[in-house]
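Order as written gives the chain letters A, B, C and D; numbering starts at 1 within each chain.
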Amino acid sequence: MTMSMPELSVEHISVTFGGLVAIADLNFTVAKGETVGLIGSNGAGKTTAFNVITGFQRPTEGIVRFRERPLNGLKPHQVASLGLVRTFQRTSVFPNNTVLENVLIGLHRSGRSTFWGTLLAWPGVAAAERAMTERAWEILNLVGIERRASELGGALPYGDQRLLGVALALAANPSMLLLDEPVSGMNAVETARFVRLLEAIRGLGITILLVEHDMPLVMGVCDRVVVLNQGRVIAEGQPAAIQRNPDVIRAYLGQGAACA
Amino acid sequence: MTRRTSGVAGLAVALLIGALAARPEAQQTIKVGVIQPLTGAFAASGTYVSNGARIAADEINAAGGVLGRKIELVVEDNKSNPTEAASVAEKLIVRDKVPVLMGAWGSSLTLAVMPKLMEYQVPMLVETSSSDKITTIGNPFVFRISPPSSVEATGFARMIDQLKIGKADFLVVNNDWGLGTADQFTRMFKAHNIKVGLVENMAQNAQDMSAQLAKIKASDADTLIVTTAVEQLTLVFKQAAALGLKRRIITTGGSQVPDQLIEQAGGAANGTSHIAFFAPWNPDLSADPARARAFIAEWKKRGYAFAGLTESFRGYDGIRTIAAAITKAGKPDAAAIRTAFWTVELTGLGGKIKFNKVGPAGMESGQSICDIFLVRIENGKVVVPKA
Amino acid sequence: MRRALSYAWLLALFTVPIWLQDQYLLHVAIVTGIFIIAAMSLNLLLGYTGQLSLGHVGFFGIGAYASALAAVGFDVDVFGHTFVHDPWPVPAAFAIGTAVAGLCGYLIGKLSFRVRGAYFVIVTVSFAEVVRIVAVNWVDLTQGPLAVTNIPPFAFALPAIGRYTLYSKVSNYYLVLLVATAAYVTIKRLVGSRIGRAMIALRENEQLAVSVGIDVTRYLVLAAVVSAAMAGAAGSLYAHYIRIVDPDIFVFLYTVTMVIMVITGGKGTLAGPIVGGLIFGFVPVVGRSFASPEVQWILYGGLMILVVFLLPQGITPAVRRLAAARIAPRPNGNLDVLPDASQAGGR
Amino acid sequence: MDQLLQHLVNAVVLGGTYALLGIGLTLIFGIMRVVNFTHGELYAFGAYAVYWFVATSGVNFFLAIPLAIAAGLLLGAAVEYLLLRPMRGADIDTTMLVMIGAWIVMQNSEMIVWGGVAKSITTPFPESPLVVGPVSVSWLRLFALGFALLLIAGTYVLINRTKLGKAMRATFQDSDTAALMGVNIRAIHTATFAIGSGLAAAAGALLGPVFLVEPTMGDLASLKAFAIVILGGLGNVTGATIGGFALALVEEMGAGYVSSGYRDAMGFAIIIVVLLIKPTGLFARAERVG
């Protein structure tokens, strides 16, 4: 694992809602091209950390750096424009638009058409539109839902909706992808399909931060795992080491039981 | 515009326009357009004028109509709004093909209609508006039987000496009528070296004038001139009484309907005096006492409020003048009626009606001069001093 | 295929003055056309970005006043020094009216999009009311209730014909048709483009749109500016056609008329405001003979409630769904939310 | 100096009924998140009800006011039951469009039933005002203030001391949890809308005799009520009361010392300024009723 400057570094982040301490002095880093899993029991602060990193939530203290640039104070769309794109756990698609239109919306930032160009139907605009549609089809093929291109996002089966959510994020041309429990609610077949997609995304050199409960998936895919409990990092390291780490077992499965 | 929806839209339009194009052929009546405020700030006065007009029309039709044909009044509501007045005028001229109009009551409303008269060359009898602009702007299709503010001011000047006014404030409605009156009366007062204090105005449909009245209460003037429609006037009187405003109040414009003031403002109306152009309390003072009594009787028979008489006579005189003009013109044609207006001579309830030329040369409008009374309300009754 | 049909429809509208001689109906067609332009501009905000702006008549009125005053000329003293503006030719006044309304759209957009939902609606309603009160009271600029009168009609100084003034109904009809077509094309291109998709994304799911890098405020304000400018243009046409403008142009009923046109026609569709506009433009005229204005308005209020309950998407999509079901059921029968991109670049 | 005193008295007297309008709307807007465009029409309905009772059927003035309020309550309940109950769960824009439709229907029905001409209500109060030093105020307006204060106190007690009030406050904070606790949410919404409408009708019943009764009197009242609610904070009864008096004061001072024409603009200026500085309203305890 090259020790070059970290792609993402979370430094002393803490978030308190009134009296409740959601996150206390969170520190971890993600290197370029690495896939890191962020695990922890419910209420451990995973989603809050996620929201802080992507600018949806303002931290009480601490700094998040993406490629050395502090993200504090940036609006969510500015964070996304820097290449740090997230997905959502619940609503992840535009239900009333077709699948292709969803991806075209995702490609928003890569489009070059200007307002006046659009109004005057400048030749460049039509070309840009064709290029975007071309790119959209590429992403649909990568994600494997090209057959449903003209169906409504909301009408897709659950698994395909999650895939469309990732396709949307990919369309935003991320250099780092933050996935919020991508396989929750998926059956075995859909999860396997998703793992293949993850491998493809890693192949593109995109850094991934994955929040997930599905232990086999996390242990199988991630280069490194960070374990959260009550808003604090209690362990960090290779998946194999983490599985045997007593603190993780105690925090995760309660006292006696050993992790399979 | 996808294929299917355009089909629907096309169908909808064709259907509607088809129904309209096949309007029934006009019967044999002579149509006269009447534009009055039936809703909004001047609804009460507009309704009285329209009812007066209907009495005149029924009377004329009962006596055989005009040129052997019945008169049909097409009454439209201008909603006390200039743009609506212009659009209903266009509708009356273009759609109902009326050769002559009467209307619009408020000065701003009449001024809004006037460009349409020029555009379509149709004459209009102005029955109420008092802004001088109407006859000085140079619109040859306007014939007015109500006095402009300047004439009202000079008429009032005759009675000024017995009133001994030291200093006057104004509280006027914020439109052509109110501002025009304040302007003319100020000029007349200065000529009679009477000092002028505050000139406060109020929006057409404002209901709470206590702020303006509190300011006036603090001023050292001895007389307050108020110019607005009857609804707002009752509010001014009630709120003035509520503030204990001890001041002589004179109202102008002839649309004050004194009896309604007594009814609604009660004791607050006592001691106030009002300029009026028709005195129903004493029909003998009218230029045509017999007709005045008949009109008052007919008005009561129809169950209209007695208070409306000081307003409705305008509609009555207006329609009779139009009928006389059509008779002289010989045919219900706009141009003929317009020329005929200049030769019309009759005795209206408000005085002799004869149009003399006023305004820029070549583009003169017709203006008829009528009587002016200054009546007082004393312990709930209207007293008409022998002018 | 759809393009050919649009041209056919445009041609049909073009021939209207030839077979419709009744002056009054032409007058109604012109005023309806002006309100359709305003309804189309409201649809951009209400339909495509999902923002219920109830201050739209404010921009319509500002466009009318700015254009009228630019054409009639005015002199007003503000805090001491006087601005004197001598009359300008009407096309320039039209441009001023549109620009001033667009500027107001920018200012109000920037301010009001800081709040959402009910608060946004109330700020827009208050904006229109404040502008009305200013129009009533700033008498030496707007003549207040005296109204700005005899505003010059449109006139073009064409090189060949010299000065051509649009007095007649037919010429005004074609002017309104020209501006309406330009407005339709503007919205159609905007909505079908990357920018349009960003606006629709904001309506569908603001959080998701933001997560792919769409700047919410920028696109809401852009939509506000375009729709305000278009409403201002409609206001300017109205001022130079009716040739009188008074403060009651800002009355809330005009906004409601535009809202009813968009909602019943079908918000978020290109044809919606046109269908709604035609219905609400002509029905009152037909109804005038047998129902008083009050009764008509009761029917419109009732109709709006029914549409919201029974036909939330409005008439156009319902008709489209009906027609689609009859001809050949399309796989997804999606709303005319976006032009059917799948035809554009499908593999 | 006495002119200032007179303005102050005018403001206080007017503030009472403004507060009624504000409290009525803050309940509806606060609890049900409904932007109630019919609020102004209930105000006008209250005034017309008093006119009908007093002028046409000769009921005693002091009896006519409570009757008008009761009629307002019933009409409010009917509007909620017929229009809003089927709309449960619809988004805010849709309910607003329904309320605009209802507003048009109600205003034009009034226009047909009563005609466009403004009506005046005769009251048993003497014309001559109560004079205290330089200031004088009419007995009718004092009665309106007194009655309004009574209703404000009554509403305050209802909200904070009664079971219904507790249920309303619970629904306001979290209707799901309130439902779990056995609160019949639908009934609470109908009751809240009815009470809010009753208060608006009360404001109309009290101000009708002071001014004139005409079909469009409700429009301005609606917008002023919104200004008061936003000034006082959503669902905040105390805030609405203070907001009502504050708006009356700002209007009276503005009309007295700035220009009478801009009197009504004060309310809207407040809305725009407050919303842009502090969207939750000045009295920040916005999210709590009472």
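Note that contacts are C-beta pairs under 8 Å (C-beta built on N, C-alpha and C of every residue); 3 or more make two chains touch, one makes a residue touch a chain.
Because the structure is predicted, anything quoted here is derived from the model rather than measured.
Chains that touch both subunit B and subunit C are the following: D. Using CA-based centroids throughout, the chain positioned farthest away from subunit B is A.
The innermost chain, defined by the distance from its C-alpha mean to the mean of all protein C-alpha atoms, is C. Chain centres here are Cα averages; for subunit A and subunit B they lie 75 Å apart. Taking each chain's centre as the average of its CA atoms, subunit A and subunit D sit 50 Å apart. For the pair subunit A and subunit C, the distance between mean C-alpha positions equals 42 Å.
Subunit C and subunit D have centres, each the mean of its CA atoms, that are 33 Å apart. Residue positions of subunit B with contacts to 2 or more other chains are 77, 174, 203.
Shared contact sites, meaning residues of subunit D that touch two or more other chains, fall at 111, 261.
Pairwise chain contacts in this structure: A-C, B-C, B-D, C-D.
Chain contact summary for the complex, subunit A toward subunit C: residues 54, 56, 75-78, 80-81, 85-88, 91-98, 100-101, 104-109, 111, 113, 115, 118-119, 121, 125, 128-130, 132-134, 136-137, 146, 149-152, 155, 168-169, 171-172.
Contact residues of subunit C toward subunit A in the complex are 186, 189-190, 193-195, 197-198, 200-201, 204-205, 207-216, 222, 331-332, 334-335, 337-338, 340-342, 344-347.
Subunit D meets subunit C in the complex at residues 29, 33, 35, 83, 86-87, 92-94, 96-98, 100-105, 107-109, 111-112, 219, 223, 226-227, 230, 259, 261-262, 264-265, 268-269, 271-272, 275-276, 279.
For subunit B in complex with subunit C, the touching residues are 1-10, 12-13, 16-17, 19-21, 77, 81-84, 86-87, 90-91, 94-95, 108, 111-112, 115, 119, 174-176, 179, 203-204. Partner subunit B is touched in their complex by these residues of subunit D: 2-3, 6-7, 10, 14, 111, 115-118, 120, 122, 127-129, 131, 136-138, 140-141, 211-212, 214-217, 252, 255-256, 260-261, 263.
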